[in-house]
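Two complexes are shown next, each including chain A; its partner changes from chain B in the first to chain C in the second.
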Partner chain A sequence: MSTTVSSAAGTAKRRGNSNGSRGSLFSYASITPALLVIALFTIYPVFYAIRISLFQYILTKPKSHPFIGLKNFQEVVTSYYFKDAVINSVVYTIAAVTGVMLFGLMVALLLNSKIRTVTLLKVLILLPWAIPAVVAGLMWKWILNSDFGILNGILYSLGVVRSYIPFLADPVLARLSLVLAHVWKEGPLAAIFILAGLQLIPNEFYEAARIDGGGSLRVFRFITLPLLRPILLVVLVYETMSAILTFDIVYVLTGGGPGDSTSLLSWFAYAEIYKFLNLGGGIALSIIIALITLMLIFLYMRALRTEDTIS
Partner chain B sequence: MNRILQVTTILFVIAMVVSGCATPAAPTQAPAPAATEPPAAPAATTAPQQPAAAEPVTMDFVVWSYGIDTIKDNIANFEKMYPNITINLKDYSWLDYHDTMVAAFAANNPPYLLYGSDHWLYEWASAEWLAPLDQYCPNTADYSKELAPYALTGMTYNGHVYGLSYYADTTDFMYNDALLQKAGITVPPASLDDIYNQAKELKAKGVNEYPIIFAWSQKEGAFPEAWTSLVFAQHEGGNAMFDANLNPVFNQEGSAAYQVMEWLRKVYSEGLMDPASLSTAEIDQIKSMQAGAHTFTIAPQYNMAELNKPGSGDFAGKFKIALMPGPSHSDVGYARFYAMTPKVVEGGPAYIDAACKFMDYFGGKTDGDYKVVKRWAVENGLGFAQLPLYQDQAVIDAFSKWGDVPTIKAQALKARAKEGMTPWYGSWDTFARAEIHKGILGEETTMKALQNMADKWNELKASGG
Partner chain C sequence: MSKRVRPLEITKSVGKNILVILLIIYIAGPFLWVMSASFQGENELLKKPPSIIPQHPTTDNYRYVFTGKVPTSYEVKGQLRSRISQEARLIAPALKNSFIIAFSVLLINLLFATPAAYAFARMRWRFKGGAYNFILASRLMPAIAIAIPYYVIIQSLKLMDTHLSLILVHSALTIPFSIWFLTLYISNTPRDMEEAGLVDGCNNLQVLTRIVVPMILPGLVAMSAFAFMTSYNEFLFARFLTTSISSQTGPVIISSISGNPDVSYSLISVCLTLGMIPPIILAITMRKWLTEGLSSTITFR
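Presenting the complex of A and B:
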């Protein structure tokens, strides 16, 4: 009997194994087309770009591309702009991400309240996000124009300023203008994400807190914020990446100026290739930016995992 | 499986970031040898004489966005003359033109025909992105004799002429005579001190808050030409920026560049120059002048036609040109030209023949007349390098409507090509623009800014660009 049982169990196990390998084979087969597409359009270009970064690739010297190892990376890191560009990028990222998070949180709280126009507001609030960054940059360029800009016009007619402000020609104001344009563009998406998080919080928590006499601030501090933390982390990861990679708004709005005041790392990656015609150097800088971004993502993901474990 | 997914995710993130930052990764493919090999001379020199005209030829022609309707009309007229040739027009913003073309060249996807400019010529020709015109279109050689020297210099690289002039112009000092008279000033400025003193007076009398404006945004193509014009005007003879061996001479106290930078700092810090100048592009500059917001500016001469266009504002007809303020009154003359790429040569004799006909029609003479160049001058006020046109009555009549022809001609005769035209000029120019800004803003001393510019030049020169 025992022999029969063990034999049956063995057969079942073999059948199970066979089914398992077949299932596993099916899984691999299913994802293969997608993997091939990714490999062709993203992985291959990445490796190709890494290869280029190891060669001297000056566009005005089309017949000479010697292998130079990591020299492109060394030249980029020791270049005249790298230190200032890193500082500019860090300051910009902190300001932009903080701005987006605060904007997103405030708008989400507003949309989560029981105001009548909430549906319309949800649509309207997403509009800036749906506008391409270059178009957004051009809009802000006109809004902030020092001679004809509507913002200057409004401030002047209200008597707030005595003369038009050169928003994009002053180093500090140009930086602030970039952050403003970024927050306007990216804030809506953050708001929608956070709103989704807010709507997942059970109403009973709020009711219980109110019964216990909790005020709005305490409810926000001890219920809303802790329960929103995972979604806030996701938004933080995305917005940090987005801020570090900002290029289009800089290109359209300030062109990196005045001076180098709004020249971010991503701007110099572009300038290396298109202005200095150094393809190898530009790609080396892009890879450095990618590594920085990746490092930050790992840190955030670790934080997120810790959050999950705690909850 | 999880590990595979993790690795894929990581690779995907890297890919997104790298490809996001380095969109130009597309052009990583080296220009194909066929495209960059010097074309065989014999085929070239004989090609235009081949009776290949009957073969249908289609070529794209890339321009920056200006006068598109006129260009289309010119193309239509050309196609009527040569029914077998079809020209497809594409245009890009002037501010993005250089970078767009670099991307196209580097991706080995150049057009057949395009606009070129003197400040990109060394860069593009050394990269073999352009084909030497004199080598393939001997029919255009005679035109060089009738060109202003600065324009011919601006289209020549390594002894070869790379284009025929679309237009050539000078960078001129312009002023609003009505505003000047309002301040009781009857004589326009002739030196930097004059501009400073008159600007102070204009401001003190409430005529303008900022009497001076420049179009010196980082992306403005005419920025280096305006700045260099100011430098040339403070210097007698050549070598205002570089000596004969291309060593910088501007980074010395008392040099013309030093004087200009010190003056710029002064007019900026005393509120005589519109601070918005550092983010202003040419179109805004001209609109601002038309609105009477400023009295003095430096801009390409062709803008006079727009400034004085009847009905363009209260000050139409009141704008005048004065010789560039400074002891020598010299300024920058520049050339924008029609050029062709090696793709034409690769196309074979029929394409070479068609391209040469195109060049001849657009930049040369038809029935003994510089038809297209003259049209640009008469209808749009664009300057020209073809000296015989200064004697053309239609041109004189047109220019007289918005400008003072003798002054325009006098300034053109004092014009010089920019110095330091090398394959690395473009890279240096990008760097120099930021340094000039820093000097004006006071973020750096004048000497520090000029020294940085010289150091960068020497670095680029040492590496050959």
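Presenting the complex of A and C:
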């Protein structure tokens, strides 16, 4: 299993010109339809977005769009919400990613073991990943409801709480709720990725460690974790990106509230456009988010490359 | 290791099983609750505390959504009569829209991504590296940043509020992943059969359709499921590019219903249940392919 596209290209080269010019004509014909669709929805939108971000585009003033350079960016960065939104996003990202990674690692280790009950978990684990984020968010909103929610009902019946808890009306609880729903939705994918990594580790490694008398905790610490590191790194970066870009679940679960306590950067990009009707500002903020994401992808590529040199 | 069962191991095994059961409750609980709620009348649902299992199970909520017959539980309690949203009745046509769009996206992915991936994995041509990087990089823009430009494109193509607009946008969203996924998949299959086909005088198209496609069938199944689900689940663009029930999809209608302060919780539960049935069926029936497909994206080198 050591073929990437570049090495596949290498094999093609070795094969010489057996395909000749007909091969390359076939290639262009194969690639064109896909490329056209992607290009229409990539190149134009990106340039359009960059252009808008340099102009004043306020939807309540449809007639005047003066060029204002980087003023949109400056206004976004100095706006009343920016600092709080960055803090919210960072805190949310750290909490959500930690939750997803721990959940993923725990579920993957359990799925990889020979416990009987795990068969059912194997079937169920894909379900949260498979359904729309909007549906997941609403399911949790309804479960956490402070007047009629089933979680409050259960806690109350068990005598854990004496009165219903306003999960989504309290700033701290609302953030926790968002993380809870996020882990539920995103954790399963991380678990499947990490499980795939676990299954790559040859059994002999474990056997050798057991013969050497390693307890299960030591085996995990000195065998599983180091060998799993490259995959954990990839999952970590992927999950960080998806946490930063979280939108659907915030939209339906908390709507950014209470107050602005769950308003992330991506939420404000939406609010700038659809609530403050400031197109230029919203797109400028989106570009800032895009740059942050690009930086993370750069890290991702580098992590992958170091991993390749290791293996 | 000795086969003697020691107390420590029993405790460990019991502990792990309890952990698994807790996880199963966390994962499955929300699904079971929303399904249970969809079979309860509004007055039963708003009790404190609500009953986990319906005491008086009823299919009235479903009947209302499909036929418009107002559930009896609303007529009994006069003050709850207003807590019903006409909008909930839009869920069936919305899911039909979702289906039409997601299935078309699936077909376009099969048709466009398969030959493209074949060309990337096996052919030699100029600009290949550049085209490949471009396709991968095209997915890096966060959705919110390109939502407005998409709106402009769709408007200038006169496609607002049509199935075609979302089919186009969702195809552009899914094809890059499909190409990447299939390129990896084809690169990891042996090429001997194709060589033999070429020697026997097949042309490239025949090699692709008669030899490669049957060989990568599991990959194509997984890719189709991914494309379908991504389109079926997509919310942001569907929200911006649709304005009426002639094209609004499941997630759009569901989020809009829940935003209605007058809505009945029973009806939301019905809509959520109906909306999640197709992906749940897909996830359960195609579990093997989906899991293998997802695993391969992270372990193929």
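By definition in this document, the second predicted complex is superposed on the first by the 262 of 311 C-alpha atoms of A that agree within 3 Å, B and C clash if a C-alpha of one lies under 4 Å from a C-alpha of the other, contacts with A are read in each partner's own complex, and residues count from 1 in each chain.
Following the convention adopted for this analysis, contacts are C-beta pairs under 8 Å (C-beta built on N, C-alpha and C of every residue); 3 or more make two chains touch, one makes a residue touch a chain.
Keep in mind that this is a model prediction, so the values were computed, not measured.
Engineer: Which holds for A:L217: it touches chain B only (first), chain C only (second), both, or neither?
Structural biologist: Neither partner.
Engineer: Have a look at where A:V172 lands relative to chain B and chain C in the superposition and call it first, second, both or neither.
Structural biologist: neither
Engineer: In the superposed arrangement, which partner chain does A:W142 touch: chain B (first), chain C (second), both, or neither?
Structural biologist: second
Engineer: Check whether A:Y48 is in contact with chain B, with chain C, with both or with neither, and answer first, second, both or neither.
Structural biologist: both
Engineer: Which partner, chain B or chain C, touches the larger number of chain A residues?
Structural biologist: For chain A, the partner with the higher number of touched residues is C.
Engineer: Could you tell me if A:R116 is touching chain B, chain C, both of them or neither one (first, second, both, neither)?
Structural biologist: Second partner only.
Engineer: Can A:A133 be said to touch chain B (first), chain C (second), both, or neither?
Structural biologist: Only chain C is touched by A:A133; chain B is not.
Engineer: Which partner does A:I58 reach: the first (chain B), the second (chain C), both, or neither?
Structural biologist: Only chain B; A:I58 stays clear of chain C.
Engineer: Would you sort A:I125 into first (chain B), second (chain C), both or neither based on which partner it touches?
Structural biologist: So A:I125 only meets chain C here.
Engineer: Of the partners chain B and chain C, which touch A:L189 in the superposed model: first, second, both, neither?
Structural biologist: It touches chain C, and chain B stays clear.
Engineer: I'd like to check the shared interface: which positions of chain A are touched by both chain B and chain C across the two complexes?
Structural biologist: On chain A, the overlap between the chain B and chain C contacts is residues 24, 27, 35, 38, 42, 45-46, 48-49, 52, 148, 164, 245, 247, 266, 269-270, 273, 279, 282-283, 286-287, 289-290, 293-294, 297.
Engineer: So in the complex, which bits of chain A are touching chain B?
Structural biologist: Touch residues, chain A against chain B: 24, 27, 35, 38, 42-43, 45-46, 48-49, 52, 57-63, 65, 80, 145-148, 163-164, 166, 168-171, 174, 241, 245, 247, 254-260, 263, 266, 269-271, 273-277, 279, 282-283, 285-287, 289-290, 293-294, 297.
Engineer: Given the complex with chain A, which residues does chain B contribute to the contact?
Structural biologist: Chain B residues touching chain A: 1, 8, 10-22, 24-25, 27-28, 30-31, 36, 98-99, 102-103, 105-106, 123, 126-128, 209, 217-219, 274-280, 284, 287-288, 291, 293, 423-424, 426-427, 430-431, 433-435, 437-438, 441, 443, 452, 456, 464-465.
Engineer: So in the complex, which bits of chain C are touching chain A?
Structural biologist: Interface residues on the chain C side: 1, 13, 16-17, 19-21, 23-24, 26-28, 30-31, 33-34, 37, 45-46, 48-50, 52, 108, 111-113, 115-116, 118-126, 128-129, 131-132, 134-135, 138, 140-150, 152-153, 168-169, 171-173, 175-176, 179, 183-184, 187-188, 191, 198, 203-205, 229, 232-236, 250-251, 254-255, 258, 265, 268-269, 272, 275-276, 279-280, 282-284, 287, 290-291, 294-296, 298-301.
Engineer: Hey, which residues of chain A end up touching chain C in the complex?
Structural biologist: Going by the criterion above, the answer is residues 1-9, 11-13, 15, 18-19, 22-24, 26-31, 33-35, 37-38, 40-42, 44-46, 48-49, 52, 106-107, 110, 113, 115-118, 120-136, 138-143, 148, 150, 152-154, 156-157, 164, 184, 188-189, 192-193, 195-197, 199-200, 210, 231, 234-235, 245, 247-248, 251-252, 266, 269-270, 273, 279, 282-283, 286-287, 289-290, 293-294, 297, 308, 311.
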